[in-house]
Amino acid sequence: MSAEPRAVRLYRTMRLIREFEERCLAMSLSGEIVGGIHPYIGQEAVAAGICAALTEDDVVTSTHRGHGHVLAKGADPKRMLAELCGTTAGLNRGRGGSMHAADVSLGVYGANGIVGAGAPIAAGAAWSFQRRGDGRVAVAFFGDGALSQGVVLEAFNLAALWQLPVVFVCENNGYATSLPLNRALAGDPVERAAGFGLTARAVDGMDADAVADAAAEAVERCRRGGGPAFLECRTYRFNGHHSFEEQVGLNYRDDAEVGEWRARDPLRTQSTRVDGATAGAIDAEISTLIDEAVEFARAGRAPDPAEALHHLYADGTTPRPGVMI
Amino acid sequence: MSAEPRAVRLYRTMRLIREFEERCLAMSLSGEIVGGIHPYIGQEAVAAGICAALTEDDVVTSTHRGHGHVLAKGADPKRMLAELCGTTAGLNRGRGGSMHAADVSLGVYGANGIVGAGAPIAAGAAWSFQRRGDGRVAVAFFGDGALSQGVVLEAFNLAALWQLPVVFVCENNGYATSLPLNRALAGDPVERAAGFGLTARAVDGMDADAVADAAAEAVERCRRGGGPAFLECRTYRFNGHHSFEEQVGLNYRDDAEVGEWRARDPLRTQSTRVDGATAGAIDAEISTLIDEAVEFARAGRAPDPAEALHHLYADGTTPRPGVMI
Amino acid sequence: MAALAYITALNQALHDEMARDDRVCVFGEDVRIGLTQVAKGLHDRFGDGRVVDTPLSEQAFTSLATGAAMAGQRPVVEYQIPSLLYLVFEQIANQAHKFSLMTGGQVEVPVTYLVPGSGSRSGMAGQHSDHPYSLFAHVGIKTVLPATASDAYGLLLSAVRDPDPVAVFAPSALMGTVEEVSGELGPVPLGSARIHRTGEDVTVVATGQCVHVALAVAEAMADEASIEVVDPRTIYPVDWETIRASAEKTGRLVVIDDANRMCGFGGEVLATAAEQFDLTARPRRVTRPDGAVIPYALVLDQALLPDAAQLTDAIRAVLK
Amino acid sequence: MAALAYITALNQALHDEMARDDRVCVFGEDVRIGLTQVAKGLHDRFGDGRVVDTPLSEQAFTSLATGAAMAGQRPVVEYQIPSLLYLVFEQIANQAHKFSLMTGGQVEVPVTYLVPGSGSRSGMAGQHSDHPYSLFAHVGIKTVLPATASDAYGLLLSAVRDPDPVAVFAPSALMGTVEEVSGELGPVPLGSARIHRTGEDVTVVATGQCVHVALAVAEAMADEASIEVVDPRTIYPVDWETIRASAEKTGRLVVIDDANRMCGFGGEVLATAAEQFDLTARPRRVTRPDGAVIPYALVLDQALLPDAAQLTDAIRAVLK
């Protein structure tokens, strides 16, 4: 697979995310995925481009809108979908779901339900890498909303101060739920990050090539001990904040704006960089893969309620139950 | 008093703080002030200069090193010292002590034991002033250590975003307890604040005139609706972090450094701006005032232990006691 | 009689109180569009000056509310997730709560913290499903947990009018429920319990959505025992007199409470009963397990929440 | 026999464990100079790579420890004030604690949170005097509260070796105390109580510095009653078997615990006793009042802390 040109690999990853998300969205609306999802559609170039610069040993922390990151880092779509369906074959044995999907064996330290929470965790992994001098890198994904979150700003300072090998990837999709960035942020994301001593730049988040280039540069600098980076990836989510928005309809973005961004579909852009036959083959391959994933997820079994507290403590400490007669 | 030249007023305030602190330090070492204090000696130009730009209607939030701010805002030194001695005649009726001394009637929303905690509280008062359009201003004092505290950075963003009439005054004395700023902060305080869209500048915190000028400018801008400001006041504490340091001796600053800063004593600088006779009269006046304050504080009575939970709830809700037989 | 939805009651309370008292203002994420419905229509009616859409800066806007309260406003702060209260625990427990005592009574901090959607949301998993009101009770924050629409209305009104910080937990499980109410809606005082059903044999103290579980169980067990259902409504301070009177009347006590067992509200009721109530049988509690983290899969989520079967068992145990 | 100071024991445990296990590292404010004594000498011995002086960014460095733990380190994080744990409650309760379950057991988070100087510091007033371990127990964090130097050593060692997050509260009142210890120091397992004094008439469950109050009262009351003093040592998980065995042996139970009353550890012991223990008298607890905020003046501070006189009264009450 690594013999393939980067453009092809990027296309495959993005196509995988797109198909996965479209299927998930449908399964959320039908109730098969109970908590619903935060769809990543439109932002695929970011996950694909960033993760293209990483190896299996590198670590990422993800967000509530995490499917793209988890898949781009290499997680098995079957087990990912099985997780969203709450079955024991899921990545997290059905304990995590969409907002906590993780594959620690691949360095995916999990989606996270709290905005910004992953940034200092990634910095901590990076601290550990720095201490061991093993050249690994950590990446923290987060949205524009996280730029107002104290713990993220604290993490910027620590990372820059200690020159940790961490890349902060801000997926600026313009909104935190209904709040547009200009009513959330005083100043500019890149300037803010630079004010913390981070090497900071903005990149077109709708262009997987551009993201991959910027990521490669930042990641290599980290590996060489050149210190942390901040990348603002300007992107857009094509759908609502959460799958429930498809049902209720909230009115905070105008159609023209959505249309303009949809016209810049990163998947289509990337498809122009791959020859038609290859793209067609990938499309077919992914389509089969996702069909299989759906089948796999549907065939899974629900966990045993008697095991509801399994894994609460790593040493097997057994808590008292809720009723004792 | 307001007919007096500013230089004289600044000198009086600084002399008051200096004498008050020297006496407090002695009383801490002798055990009369039980929890000890964080002495403000060396930083007087900041409190005096900033508060010279404020009226009684303006609000300040202070810090663990708060005596200077409380006095400069006009609190009665007698009742302040009575507070530190834990008597009912204290500003807080003996409930607050050094780290929580407050005189709300003068807009002093309290010293605070948690670093950075006052910044968003000041922003909140400023929000209220803005809403009412009454031209009042809030000032948040905090140390260089607070520049790494998430809630402070969040408050910077909200203040700049909403153009609140708040002035953030960072008293950069170079250390957070034993941690020098260059091992605490990536980048520069003013650039960091500017990265949040705040009008930001540094000023010589050993020069009361310079501080007062900068404060007047920032406060007037706030009053006109021109938005918040950040002032880095470069200063130094002449003594240890806390009075206990006078006893144990911690070794993190070298004597030469302390000596250089002591040579720039802001009180001496200010004394050169006041004619000798006036200064002498003020010195005598303050000396008497502090003697009276000590007498007043010593004469106070300790609160009644039966009233230990008074004021816990504003509506008089009475909590259950610690033992019920 | 009119049907009042729980979520509408919260929204109505804010409308009414904002109209009555100009000092009341609302801070929170997505309050402009009224995402959770609690703030619906407030921005249109009261504007930017009183309904403030906040960036994701929970700590700062929580303390901003404290400062605004000290300067004369009466802020209501909305949080989208119960665990966001962990993020602002310092600002509530160590700042807002302590100013009154620390200043020797110089200042009041009338802020309301409102969580619409506390407890499990079925499929929102570990970080979105806690019910952390016992933490607030422990540190001494006035804490309410309304079980019905009229109580939601009345308790939220009282919370906003209270001179101290008050946390209002509105359980996710109740958001869509409807109560038949008669007469005018009005404030419900903090610290007063509500007896939902009288009975002679067992007292069930039930909180939040568990009130409805208890009422259903009481009905289903009507042949076996006469069950009194008491809702404390305020988790702190507690209306101990009403609870005690009921428990001593029946002589038997079961608590059902959707919080972790260890050091939870259910435990406090049992502890106080042990010290002070005359009972004829051991009391019981039905709670989440110790230290529970709610897993994603629905069957696991539900396995950890107190339910009717457990309550039935507990009631039978105290009747033995 | 050798005299071991409590604070030295904590420091020694860190020295020994860092020497034994290269993965152990320390984060905290002023740890380089060992301001609180807990980290004394560690920086000189283990260097910058393992002893990290942090800026005042409690939230970030707490979660940094989580990330480092997930990547294979075993961080110990020191906090200078108990209430700083409020500031990082999200990072501990909602992140570190939940990863094991949420990931379905994919990852361990072996972090130790160490608070040297919890509880009242006599004159440090409202924001520096809380004793918030019950909050940690409620959410399910393993929580220890050593009462003696040897327990401080042994429990801290076990905390650092534990695969889960553990909070260690070292009461301010004990820092300067000394224990006569014989033999080798070693780990003390989490979840095991220590019977400090055997007796036949009353069981006093005492925590932290209250253990010493209980021992003094037991001695002073020796003519009146034979008092057994049990220290749970671990606030969560609790060694219920030892407590139950003692309480059922004596038939009488009093708890003394320096935390707020409502939903505190003392209440949990009483609640569990009410459900499960066979007692011959009502149990009692001696605690701080509900929702206490410690005032500055010493006489007020002390008035709110559980003391010997209150314990004596409570013991007499259960003996009646």
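Should a chain be cited, it is by its letter among A, B, C and D, assigned in written order, with residues numbered from 1 in that chain.
The definition used in the following text is that a contact is a pair of C-beta atoms (placed from the backbone, for glycine too) under 8 Å apart; a residue touches a chain by one contact, two chains touch by 3 or more.
Note that this is a predicted model, so its numbers are computed, not measured.
Student: Name the chain whose C-alpha centroid is most distant from the C-alpha centroid of subunit A.
Tutor: In terms of C-alpha centroids, the chain at the greatest distance from subunit A is B.
Student: Measuring centre to centre with CA averages, how many angstrom lie between subunit A and subunit C?
Tutor: About 35 Å separates the centre of subunit A from that of subunit C.
Student: State, to the nearest whole Å, the distance from the C-alpha centre of subunit B to the C-alpha centre of subunit C.
Tutor: 39
Student: When you check subunit D against every other chain, which residues touch at least two of them?
Tutor: Where subunit D meets two or more other chains at a single residue, that happens at 55, 57, 59-60, 83, 87, 90, 94, 101-102, 125-127, 140, 237, 262, 275-276, 284-285, 290-293, 295-296.
Student: Among the residues of subunit A, which ones contact at least 2 other chains?
Tutor: Where subunit A meets two or more other chains at a single residue, that happens at 92, 94-96, 100, 112, 114, 148-151, 154, 157, 161, 183-185, 309, 312, 319, 324.
Student: How would one label the connectivity among the chains shown: line, ring, star, complete, or other?
Tutor: complete
Student: Using the touch definition from the top, list the residues of subunit A that touch subunit C in their complex.
Tutor: Subunit A reaches subunit C through residues 33-36, 83, 86-87, 92, 94-100, 112-116, 145-146, 148-150, 176-179, 183-185, 250-252, 302-303, 305-309, 312, 319-325.
Student: Name, in rising order, each residue of subunit C that touches subunit D in their complex.
Tutor: Touching subunit D from subunit C are residues 83, 86-87, 89-90, 93-94, 97-98, 101-102, 125-127, 130, 132, 134-135, 137-141, 236-238, 259-260, 262-276, 282-285, 290-293, 295-296.
Student: Could you pull out which subunit A residues touch subunit B in their complex?
Tutor: Within the complex, subunit A contacts subunit B at residues 148-151, 153-154, 156-157, 159-161, 183-187, 191-198.
Student: Give every residue of subunit C touching subunit A within the complex, in rising order.
Tutor: Interface residues on subunit C, with respect to subunit A: 29-30, 32-33, 35, 53, 55-57, 59-60, 81, 83-84, 87, 121-128, 261-262, 284-293, 295-300, 302-306, 310, 313-314, 317.
Student: Which of the residues in subunit B come into contact with subunit C in the complex?
Tutor: 59, 61, 90-96, 100, 102-105, 109-110, 112, 114, 117, 119-129, 131-132, 138, 150-151, 154-155, 157-158, 161, 309-315, 317, 319, 324
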